[in-house]
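First the structure, which I've put down as structure tokens, then a few questions once you've had a look.
Just so it is clear, A, B, C, D and E label the chains in written order, and each chain counts residues from 1 on its own.
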Amino acid sequence: MPRIGVFVCHCGTNIAGTIDVAKVAEMAAAEQGVVFSKDYQYMCSQTGQTLIIDAIKEYKLTGIVVCSCSPRMHETTFRNAAQRAGLNPYMVEIANIREQCSWIHKDREEATEKAVILMRAAVAKVCLNTPLTAGESGVTKRALVIGGGIAGIQTALDISAAGFKVDIVEKTPSIGGRMSQLDKTFPTLDCSACILTPKMVEAASDENITLYTYSEVEKVSGFVGNFKVDIRKKARSVRADKCTGCGVCQEKCPSKKAPSEFNRGLNNRSAIYTPFAQAIPNVPVIDRENCIKFQTGKCGVCSKVCQANAIDYEQEDEMITVEYGAIVVATGFDVINLDKYDEYAYSKSKDVITSLELERIMNAAGPTGGHLERLSDGKAPKEIVFIQCVGSRCADERGKSYCSKICCMYTAKQAMLIRDKYPDTNVTVFYIDIRTPGKNFDEFYRRAVEDYNVHYIKGQVGKVLPESSGKLIVVGSDIIDARHVIIPADMVVLAAAIEPNKDARKIATMLTASIDNNNFLTEAHAKLRPVESPTAGIFLSGVCQGPRDIPETVAMAGSAAAKVIGLLSKDRLKSNPCTAHSDELMCNGCSTCEKVCPYGAISYETKIVNDHGVKKERRVAVVNAALCQGCGACTVACPSGAMDLSGFSNRQIIAEVDAVCR
Amino acid sequence: MSSNIETINIIKEISGVNPLRCMKCGKCTASCMAYDEMDIKPHQFVSYIERGDLESLMLSESLYKCLGCFACVERCPRNVQPGKLIDAVRQTVIRQRGAEGMTTEEIRQLITQEVPQQLLVSAFRRNRR
Amino acid sequence: MLKISTDRINELMDAIASKMDLILPVENNGQVNFGIYESGVRVRLDALKTVKSAKDAFFPQSETLYSCSKDLKNLSVTPAKLMDRPFAVFGMKGCDIRGLEVLDRVFLSDPVDGFYKARRENGIVIGMVCNTPWESCFCKAFGVDCTEPGGDATACVVGDGLFIEANNEKGKAFLEMISEVLISETLADNCIMRDTVETVSKDGTEKTALEDDKEQSVSKDGTEKTADADDMEKLRAHKESIRRITEKLPLMSLSLKGWGTETPKDRFDSPLWEKLYKPCLACGTCTFVCPTCQCYDIKDHDDGDSVRRYRCWDSCMYSDFTLMAHGNPRTSQMQRFRQRFMHKLVYYPQNNDGIFSCTGCGRCIDKCPQSLNIVKVIKAFEKEGKENV
Amino acid sequence: MQIGFRPKIVAFCCNWCSYAGADLAGSSRLSYPADVKIIRVPCSCRVNPMFILRAFEKGADGVIMCGCHPGDCHYSTGNFYARRRMTLLFSMLDFIGVENGRCRVEWVSAAEGAKFSQTMNEFVEKICSLGENVRLSNLRKTGSQQTAFTINTEKRETHRLVGAVVTDASWTGEGSKVSEKEENGNQMSVVTGDPEAGQYEPECGSQTAKTEESLKIRLAQLLESGKAARVLGWKKGETDYDPEPAFFENKDELGAFVYNDFCGANLSKYMIEAAGLDGVTAVVLKPCDTYSFNQLMTEHRVVREKTYIIGVGCCGKLSISGIRAQGVTGIEENGIEVTDDRIKIKTVYGDREIERNSAMLERCGVCKGKEHRIFDELIGESRDTTICAGTGKACGSAAPDSTVSNAAAGRENSGKDQRFAEVERIEKLSAKERFEYFSNELSRCIRCNACRNVCPACSCIKCVFDGNQFDEAAKANSEPFEEKMFHIIRAFHVAGRCTDCGECSRVCPQNIPLHLFNRKFIKDINELYGEYCAGYEAGSVSPLTRFTMQDAEPSVVTERSKGC
Amino acid sequence: MCKCSDTLIPLPGVITAITEETPDVKTFRINAPEGGKLFEHMPGQCAMLCVPGVGEAMFSITSSPTNKEYQEFSIKRCGELTNCLHGLSVGDMVTVRGPYGNHFPVESELKGKDLIFIAGGIGLAPLRSVINYVADNRADYGNVDIVYGSRSMDDLVRYQEITEEWAKRERTNVYLTIDRPQDGWNGHVGFVPSYVKELNLNAAATVLLCGPPIMIKFVLAGLLELGFSKERIYTTLELRMKCGVGKCGRCNIGSKYVCKDGPVFKFTQIDELPDEF
């Protein structure tokens, strides 16, 4: 007969506020099998845990039930406490009477009654618990970083610093990501390429880091410590080992009409191209849609001019499968699509550009060679208007409901740089609120306003009317002076909202990582575990988890790396003990369960089975506990009920259902 | 003041506007065609209603300057619909003034060639409720 | 002897049902079973065999024995209430009534089963003469005369009259009770009340009591019923014709030589069992439709606050019938198959001075999914006996 | 909604998404009624239909299952399987008449706290509007643990039973004048046709006899040549209509071999046991039995190499209960003579002649086609036996062994559409009528397990109802709801594997139309997941063990039944 | 013979003492809630013990009828119910019904005879009630030999009154043995059947034999060799029992019901029965 101890937590007033915890403890004492029940202020505190340990020892408890907060919070805490008292950690059940009872019900008597029922269900379940020992599984000492931006590079560098092998998979031909497209960075105004390129070189030259650029992740299988990832290395049609990076092929290439993605389509590039000068690896890629050789088969200039004859048109996509212990998602962000914002005439006039496009224009390697000029006629703009929160903080489906966090700072930076380089240019910024929450951020913004005399108007722009003369009539309102502001501007810069990379959802599905409806990957816990995904072994770095600027991204990259290092440093990983097991007396060997197992953890063998004295040879199912993740699909597919899941067995759940419906 | 609150609630009800949603960005006013003639701007309508200051709204000229083109409703990022608020306040004013508005006969004389067609359409639309 | 015309059966049933619960053959979607008589129910007195026998009225398929509630530490046992109200079971055929007698020997022998005893005492059994015996009936082989079913009273339908005659005191009291109700309901116009003083002797020839009751034949609507003598004659002729039909039925002439008390010792180990059991599916159909199967299981059911222990029919053909914690004496289906027929034809007669635990009702013949039955077993051994004797 | 009514609602929440969503609803203080109690399961695919039925049985008024959004499942495919299982379960619950608002599936991700609390509020409101689960609780309260008709020992209300309907059953003494049945009671969909129906080419009656002869010769050869160690066929019973399956080891035993129109038993289930014996077993399989053999082969329960299959022609099998239902009794020894559309029976009560179709098994009226799915050789001709439900005449205009053209198991033959006619008829009834119909039918169940033990798909070594894992009383209906649960769960276990061989209805002693449950699942699977016929070819994957991303949502059941 | 209204209705009993005999055998002392014995019984009879909600099973009553205060059951842990019973503590309640079955013919055939008790493992439990009964009316019986063997030392059920009191009584000798040598055990080592042969016991005595089926088979063969007659060898059989009154049709061997016509059988009776146990 099981001997159960029930501990009811007050959680300060969180629980005790709406639930009569004394009554729950008292009702617990009357439950069958309960020999000890007590309520205490803070069960998860040190004294609370010692209370549990003493009770286990004194009353020789075979199982404990803690009525407290969600098991997702403190289940491990109470399991460790039980283990310290010598009780098997899996003989612990948690009744969630905080998030699912005291916090959401007002009426005290109703909430207490529900708490008692949840306690009864937990007691009914723990009586049927069997002691489990966590299995062990090996750890592949290698990490994978998806995305080669600053987040991916920094994470890879920190992981390799601890001596582990890391692979970076980058979709575009070169690492560098969004930061490589920036000109200067706030708040220190140092040049983005100057601080990024050394990192890229360091990453390329680090012997622990392998770069897979112009490659994509195709399929991920396995589980924490034993991921198996298929990577598709798209054909560059250029032999990386032979190419010297001289760039002759790019000059000579006759097809120049492809828009350059790196420069946001502001200018064109050749069919064989490297995205930007400091590209790492500095090996060009042939864009097969625009390459005359691939489309019509006639050209082939690049292979003729290439002294190192590195061009190889027959190169095909290559699939490689690599084993990893941990995976970090660093897929970065992109600017939202502004086609629906017709009030700013973004798609009508070439002079209405996004901030990122302005970065390219201001950048020396950009389409205008660093000269600030209008894209329509190339003249230097005298009157520039910045418009903030385009698409951010907007409740309708055109934009995003969240604040993109970095626009206020980079607009101030751009305004300051323009005013500094072209003092006679007039800069106006329409804003709702200026948000500068960081070290030296507000001081930086005040310098833009006070030293560089940028006009900040608290108000919004209603309409931008492109005139035939090339001028852009910006019609806005200044709600402080309540005046109508009409500015004939030469250039309008939109601080557009940012959203996660388009492939984030595809990758999340592959990794079975959970993702919210804004396509940001969901963290395990908003406050306590921000860099881990709920799926064990998957970590998040950079904007893929939420809008953030470069300093925060680098900090988060380091934290993700620390978590990965923590995981890879273990030789054996405790695997989930709640796995399925088959009762050979009842198994028909009909292989229905094998078809529903997502992890292929079930195999079959014919063995002699002694069924109450009758020995017969039978085909029975065998579950590989290392592969099984305990989802339970097989237990329901199995008609005879031979397949059962330890930790959530059929009898336990039936007992809970009975207790709940009693 | 108490009757004020009821009327404000009626206005909120007629217009279906929840002033709390406004984040004071000023885009409605920026998009307003009749900006210059308006003494109280559309975004101010929202904050006046929020503060409960109905008298100044009732006396303001903007009620009659608003073309009802709903540009502000179209552009508002928070879907606050200030245009409807102005209509509602105008409706309250008409209701309180009793029925001695212009008769149809008097209106017919006002209509001449130069009256912009859009004015007629919005006039009819406005007085429909 | 009570005679009532067949189209007044309705009132008769109402009369009985107003006094006590009445169970009789009832049709539910083409299947005739014994069921409680209530409004909107289709009575089928003409059906020869019900799917399940009326054993259910006395030894129900599942019945609470006691419930035991536990507050804190002490247990309290509250036995289930025994049957305390009279009820009538109308329309049991000869084989069912013999089945009851077989069960009586089991449940009423020492130590008496209280639940069964209460139901038997309160139950009034009204037998019925079979009207159309089927070819699967072989009750004659076990000495059951389907024209004299027995029971507390016997009903027989001849022509458009239903005759009920009491066989014992209980039957007589029952008939009196009915006739009172019928009179009070002024329904007696065309039914003749007969109070037979002593039981009608088996062969139904001399019925002294009948002659002097003739003047009591009250026929309200004035149609003078023909003398009851020729009713008795029609009754006897009807029974005679039924007996002649049973002679012609194929299985009635089954011989039980070599079974019962004089079964040869080696029958248990005969290799024939190995061949006979093969098609058996180990389902429980034959045991659950059989009027004489007595085996039951005792199980628990958790009602939340108290635990209810109830008794339910069990089948020796089920694989876990004799399963113990450390093994099972009958592991193969052959052993279970053999046990069923050895019990019916050998063990029971040895314990109950020769009476077989089978009444020849033929339900197992009709209902076995794979057409195995007791007649095939008997004939198989009979053939085997001829070969090597 | 009755005032003061507090519904009992059980919510199964998957640990990774909806449980986290519930926690988020909690931490953001988004309240929902306290009647909802959450049970944590690792994944929505862990929720066994038995848990849901158990909840209803124990008094729950509503059950809701929450899982991750399809595609977001932590175990990548869990919720796809759950979606199919729940859709089929809700459709069956709706079929037996449980109001379909009572169970619901909702996909809630970890970030959707608001959606979780809003779903719960909606669900509680819906259940309150439906009120207490009256149907099931009535069944529990009135139907005490004794079988429905035994008098329970509690008080008995004395009431005057007025106007009890007594049938016009006549019971005159000599020669049974049998009450004509307007609708053949136990053959649910087969309507007794008029005599001059059906025009067939060959004389089928004698054809079966010819087949028997050639079978005997061939089987004797097989035994003689040692090609087969034993032969599984039918042995002559006491009368014409009770042949029993039997193994024959040598030639002279074959003397008792018989193949007539009453050999309805499906022999493929015995091949499971035969797979254990050494040497090859020759077995005689009718076309519908071969589907079952294919299915057993898919599940590695039989060994193809140790089996020699003789596909025998089938002209539609008869059953004695069909004959009895027409009041024909007292059949003399070998008094039955079957021609292709009449049956002449000599009985002690005079000779009778009835329509062959009226005694035919229900499954033969909607036969899936006479083409053997797997065989080593074919002996004997088949004859189409499908009966158009409307006219009752044989629709078999096609040639004797109607070829099954397309892969979807004989969609051509008009007899097939009749297969689901009965299911459609019941689906059109109102929920209350459906519940009445099934309560009435299943209250006759005597829990003899014949349907389970005969079913080739229900071939578990130890049935879940025998063990105490779900502590169900396998032998007795200690809770009347259990009869229904037994039949629903059994139908669920064979869903996607049941070849609709009709054995369960053939063997049921109480003649409960059990095939309706299986056909309902087959109809749903065909409609929702594409035409699938179990056993059509060996190795086919059952619909319940595969999924597509675009499967229908379980709520399709509520929309579909908005009508009635 | 039983107070309750019907043989199937049990009486609540409270566990007043639990002594642990071996790692998997415990002896439970059970009294009526209000004190005293639940019912009277004869040695060799059994009773149905039940833990509501878990199960019910037949156990032989190991205390002697002469003991007035309580009844005792020795239960080996081997199934779901016994597992649960072993988890109970003093003061818990179970329900008991009985006594069932016949009993050793202590008043009739055994009176005045020399008695040999041969027991294996848990088999000592049913014999213990007879031994104590004989001890309390020692004069009526001849001399007594107890041969008791078990797998290992800690599997020997050490009822203290048998090893202490009985070993000292006159005309009584106790022989203990274990199957395989074990340190700390200086007594006889060897299987019970071989030990019985060594002791060359008086062939005219009546033997009461109880233990696992294989042991019974060998001991019986040994005894027959020594010239014992089957007429005077008794044993108790153990089969699955539900009702305990010979009605539920479960525990039959041939026409005899173990729970009603047994569990005590003479080997002559057993030979008549088909060997189906």
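One rule holds in what follows: a contact is a pair of C-beta atoms (placed from the backbone, for glycine too) under 8 Å apart; a residue touches a chain by one contact, two chains touch by 3 or more.
Here the structure is a predicted model, which is why all the values come from computation and not from measurement.
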Original post:
Per-chain C-alpha centres versus the global one: which chain is nearest?
Top reply: D
Original post:
Is the number of contacting C-beta pairs greater for A-B or for A-C?
Top reply: A-B
Original post:
If you average the Cα atoms of chain A and of chain E to get two centres, how far apart are those centres in Å?
Top reply: 70
Original post:
Just how far, in Å, is the C-alpha centre of chain D from the one of chain A?
Top reply: 48
Subject >> chain C-chain D separation of Cα centroids, rounded to whole Å >> reply: 32
**OP:** Compute the distance, rounded to whole Å, between the mean C-alpha positions of chain C and chain E.
**Re:** 42
Original post:
In chain C, which residues are in touch with two or more of the other chains?
Top reply: 70, 297, 302, 314, 323
Original post:
When you check chain E against every other chain, which residues touch at least two of them?
Top reply: 80, 92
**OP:** At least two other chains touched by the same residue of chain A: list those residues.
**Re:** 658, 662
Original post:
For chain A, which residues count as touching chain B in their complex?
Top reply: 343, 389, 393-396, 399, 430, 432, 458-463, 475-479, 482, 484-485
Original post:
So in the complex, which bits of chain E are touching chain C?
Top reply: 1-2, 4-12, 14, 33, 50, 52-56, 78-80, 82, 91-95, 239-240, 242-243, 245, 247-252, 254-255, 274, 276-277
Subject >> Residues on chain C engaged by chain D in the complex (per definition of touch) >> reply: 6, 9-10, 13-14, 17-18, 21, 23, 26-31, 33-48, 51-52, 56-57, 60-64, 80-85, 87, 131-135, 157-160, 234, 238, 241-242, 245, 248-251, 278-279, 281-285, 287-289, 297, 299, 301-302, 308, 310, 312-315, 318-320, 365-367, 369-372, 375-376, 379
**OP:** Under the touch definition given earlier, write down the residues of chain B that touch chain A in their complex.
**Re:** 21, 23-32, 35-36, 41, 43-44, 71, 75, 77-79
Subject >> Touch list for chain A against partner chain D, complex >> reply: 70-72, 96, 98-101, 103-107, 110-111, 113-114, 117-118, 121, 508-509, 512, 514-517, 522, 534-535, 578, 585-592, 595-596, 598-599, 604, 611, 616, 618-619, 629-633, 635-637, 639-642, 644-645, 647-648, 650-651, 653-654, 656-658, 660-662
